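Shared between the two complexes below is chain A, which pairs with chain B and chain C, respectively.
Then we have the complex of A and B:
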């Protein structure tokens, strides 16, 4: 007889969950029910520290997270000047700032753009704005997944963005989740709900930044609804501090003739996961998911990228690039499911990695599950070192080895950096990349001129 | 200016792989030397070893430039002294623009010599002039370095770099027999327009064809890692007619 192992680390969160329930006793009943169901799911699951027998966590060791303690509900202050330097910033953007999980009216910079309703999620819940009640936790939080369950158990505030039908927003909407400076380790559950109306068009930037140097645990959940004929251009910038844990979940539901493109820039945290799923739920839904991840030291970055083709005539593309150095580790898990009725689907998957050190490890597993017969699909993954011929070519023109490697790394990243279109965002990711390259090179040991 | 003395070289980390088995040659200022030889004779290795490629080990001998040994220098340091290697198949480098790359190369040369870097404005002017001179499509140099370039475009791009960097010793590795006539012309035009009393060239080639367009001062025949014969331009014509058999049997090489 074997004894069932109790779920990991539930106790760590239970006291805080209980006081959270008491403090939020005036929440609407439907929300209380959502939280309670999510908590019951989480208490059943615990943190996924068991790796054996699970594809989802096979390459990721969550024990460091389970071993750490985090306080919930501690908030601090952040200044506008700090906001302008820690992440991308443009005064022209409609910016929603969420500090330690709470909407900040002082730091947010909203211009009253016609057709845009952007602000506090707590307020939208209280006012019953739009379809909040039916949308919140409908894409994420009810399934048996520890991080969305835990996050949903604590769902409270965050950002709400609604774009009215037919609205073409000229400036991007920027949602910044910032953790204030504080000595203690803290947990936060940032939440974003995006409702893009039929025929609307929006550029949406999500930024995760950290002013604290202590370990922070963030389990953000983003749900996006792309109405008929809408176009959503999404960016995700993750720059948590190097002792933090970041488990982000993005769930997107696309209606007919929609275009959803998402580009991720993931450089932060000690252990981070960018989990994104797009559901192509009506003919003519197209999605492109891509991103750049860079790791050094003992960092781990996971890209858990999946798309479901539920209806015919949709296309999806996944394209990621990784640059790894030191003893860092990255996982690319790309999955495309083409359901039986989804004929005329087109799906591509690609993951390219540049390994700068012998100690760096990439686990890339693109996979296609196809149940329809009329489908075009292709997938591939590569991992390589800096090419010696190329390096010699650059050196023969007078560029020294370090500078040549830097040029090659920058060139490898360039294609993804160019996907960041808003100028302030593009400048920011370029700057961070240029700052990161010497750090990656300092931990590089794969090529030497002897 | 360049002197090679009893040069022996092998592939790094592979025993018994000696490819260059004792090369002696001297290239004076303003001369154009051609190095010819059958496949596998070590022509391309010689070009790479001269430029300091790290995949080779020089076990014996010396290379001097203006009397100073360069054997311990890295490829970038040799480039700073005025050496240049044109590649037969230059690497395709995604995400790197020719303009940006050449500016970096020129800046590091200036830096190594303690000179001022060229201003962006002056460099742009120089770059545009050279682009026009070499006849490269100006749209092409806005793209990634060599990426998706045709064979001829890659050659023009190599000549563009030669023009911008103005080396005092240019080595052209055109070892492969697959070079088409257009590419040959581009290389030859580049060499001929840059030929000057202050600049030397070493042209490495398999066939005499390239030498229809470039008239060398000196021709060397390289067989089994050694120079077996040195002569004037007429030597290239002899090889074209009779092939390398005579030299191969003489050295006992089995190529």
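Then we have the complex of A and C:
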């Protein structure tokens, strides 16, 4: 009945896909099959530019991406000194650096920690390390989701992190995806596979930084497996340049009695989207997803969060905060699904937003989909601005107006900033927030009115 | 009078199951099945409509065809049903002999009056005593309008849509499609093309309508669709409370109901619109039942208020989002809803509050009850446009699950483009607590009675918004609709 319209922008990627297939003809057969399947999914879907009737893309306009062109096979340069400035850095971390989608042995800083296997994904694939073959693209890549399919069609290298059963890592593992400084607009498909063994414990930081000034398109895909009784503390820092497109997919499978907590800090890119889906697949899995997004100018920042309770006795929390200024636009689309058998589930959802200007727009869609009766689920969302009274209170105590405004914004963000525990990381997000506040304020026209 | 009437309805209800499943054997004037430009023309001709209305219908029909061919039926709602075969439906079914509208109640087919007796509509003299003016829509034709004369003295127009087209064409022409244009959505386009009748009310400036206006809708003919269209206009400073009730006979085939309701609330006026929707929900096994795809929207001008209250216990599928466009400064929109989905019922319902004017306020209270294998979705949108300074919205949506085979879903859309707006959204999902049940049962209530009491109490915030008689009926309906879901 529905007349098919041709999928958008498939042509833009098809030539590159064909040459990619030729270049990688020596890849293992299973990987070639994964790519081919993903490509056929993408060529069927195209980019989700049609927003009408498309719940997942209702609020984000992808036309600028569909209109852009990207060069391939161009690489610029990256130095260690640059890396230390543009993103969080600590020499004590086990750091894996991926440049334009490819593992860099020169920039990586690995200490050979016991029980940690961290490095190139391509090497892990070639060597058949751990469960790479069964895990790769098993959580992300087979779904009908355009960016994941596109990225999976080009899966090649990236980072692989495996923590052996029972290993408690003392220092965080830091995976940095860096875009080099080439002048061309380029597309890249960074990939990260994390296999946290039973009873292991790891702090994992995932950072996206960009040294280029041109429009870059990144479609990173992260898959994480949390084994029985493991604990994964995850951070995601997105610092793409202001003309870039960033469409990230994170898929997490949690086994019994696992703790997964993820905190996101998203300030970069022209259009950015972070899709994080967690699957609570055994009793006693707990998952907390939270984050802070700050937008200004004409940025679009889209958070697509979903948690599925597939088994009984799991708990989940989603808590996000946004600060919007200029003519920017943010989306919070949070979803909790409690499946039929997932009794005794506990789920909460919250999204709080601070709007600083008249041109800014927030679209929040905190949804619950519940099929079990013995659950407690609650959600809330608010949007508001800094009113005159609050500002006056501070000013009456001798704080000048500009400082008072900054204090109020910083105060709103503080709760999320404090979630960033590793000191080097905490300092970094605080520094970036403090640099952003004057920019947000410069584009604000309503703070302290009415 | 009222009491007597209510009692008889209660006794109808006590037996459980769907009590409105009788079929009235009335000769009907049927147009051939299927939808085409000819059918649209035929409906218009049967109703002796002016040319401009036929043109409007035809434009709507062409728009619907283009939507049908490009996108098909909307599929974003959380409802699952086989594609509707739009060519297998009667688009016009009129009880025979009603081409001439009845002059008074004596002219009305006695069998039909009996139907309304069974429905418990206070139609005859009791209508006046009950203080209710009724416009009863039977399949697609409005059969009788009571108290028209009394209302006429105040300048209030309350009649069937067809009569309004004949007697008040200027008003109809001015307001038809002004709130829900035929381009609005798939079902609104379909309704605009083939709507057969409905109610029309106009309250002149400064008049407070002294009684509650009421329409009772019923689908009788098998395989027919009902596409009524209601238009209510409250002129500056006017007030009206309008009630709407719906039933359909027990049929194993599904029936399509695609209605459109437009409310226009001019400056300083108020419209209160209450619905009890009890269309046939299908058998407990999920056969048949009404597909209820309804577009309801009101426009509130300066200082105006529109309030929607609905109790939705019927229909196999409900797809309905009564909305308010808060266009004027200081306008107020309210939505109070209890929706129940038992057995195989699926309800995707909620509201839209579109804040355009300054200091606009909206309140949403939604209570969803899921039981049996039912699925209930609250889908509500609150949109704050850039000019809506100091807009305020408070939304509360609660879901209650009765049994472990049902689903309760909440999908709010909160869209804010003005930083001075204040929005609060709260939602919770729970089941009837064992402690509460135990407490009541320890005091001698059966499990079923205890459930009913808890659910009625839980829905109270909404039910208390209904006019008294409706409130009683709503509470009974909840009880009956939940039978079999407990214990």
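Here are a few things to note about the model shown:
Please note the rule applied: the second predicted complex is superposed on the first by the 443 of 450 C-alpha atoms of A that agree within 3 Å, B and C clash if a C-alpha of one lies under 4 Å from a C-alpha of the other, contacts with A are read in each partner's own complex, and residues count from 1 in each chain.
To be clear about the criterion, a residue touches a chain if its C-beta (ideal position, glycine included) is under 8 Å from a C-beta of that chain, and two chains touch if they have at least 3 such contacts.
Remember, it's a predicted structure, so these values are computed and weren't measured experimentally.
Of the two partner chains placed around the shared chain by superposition, neither chain B nor chain C is touched by A:276.
Of the two partner chains placed by the overlay, only chain C lies in contact with A:365; chain B stays clear of it. Of the two partner chains, chain C is the only one that A:55 touches; chain B does not reach it. Of the two partner chains placed by the overlay, neither chain B nor chain C lies in contact with A:136.
Annotation for chain A, partner touching more residues between chain B and chain C: C. Counting contacts by the rule stated earlier, residues 449-450 of chain A appear in both its interface with chain B and its interface with chain C.
By the touch criterion given at the top, residues 387-390, 392-401, 403-404, 407-408, 410-415, 448-450 of chain A touch chain B in their complex.
Note for the complex: chain C touches chain A at residues 68-76, 78, 83, 384, 386, 389-390, 399, 401-431.
Taken together, the chain A residues at the contact with chain C in this complex read 1-3, 52-53, 55, 340, 343, 353, 355-385, 446, 449-450. By the touch criterion stated above, chain B contacts chain A in their complex at residues 12, 48, 51-55, 74-76, 78-80, 84-85, 87, 90-91, 93-96, 101-102, 104-106, 108-109, 112, 144, 161, 165.
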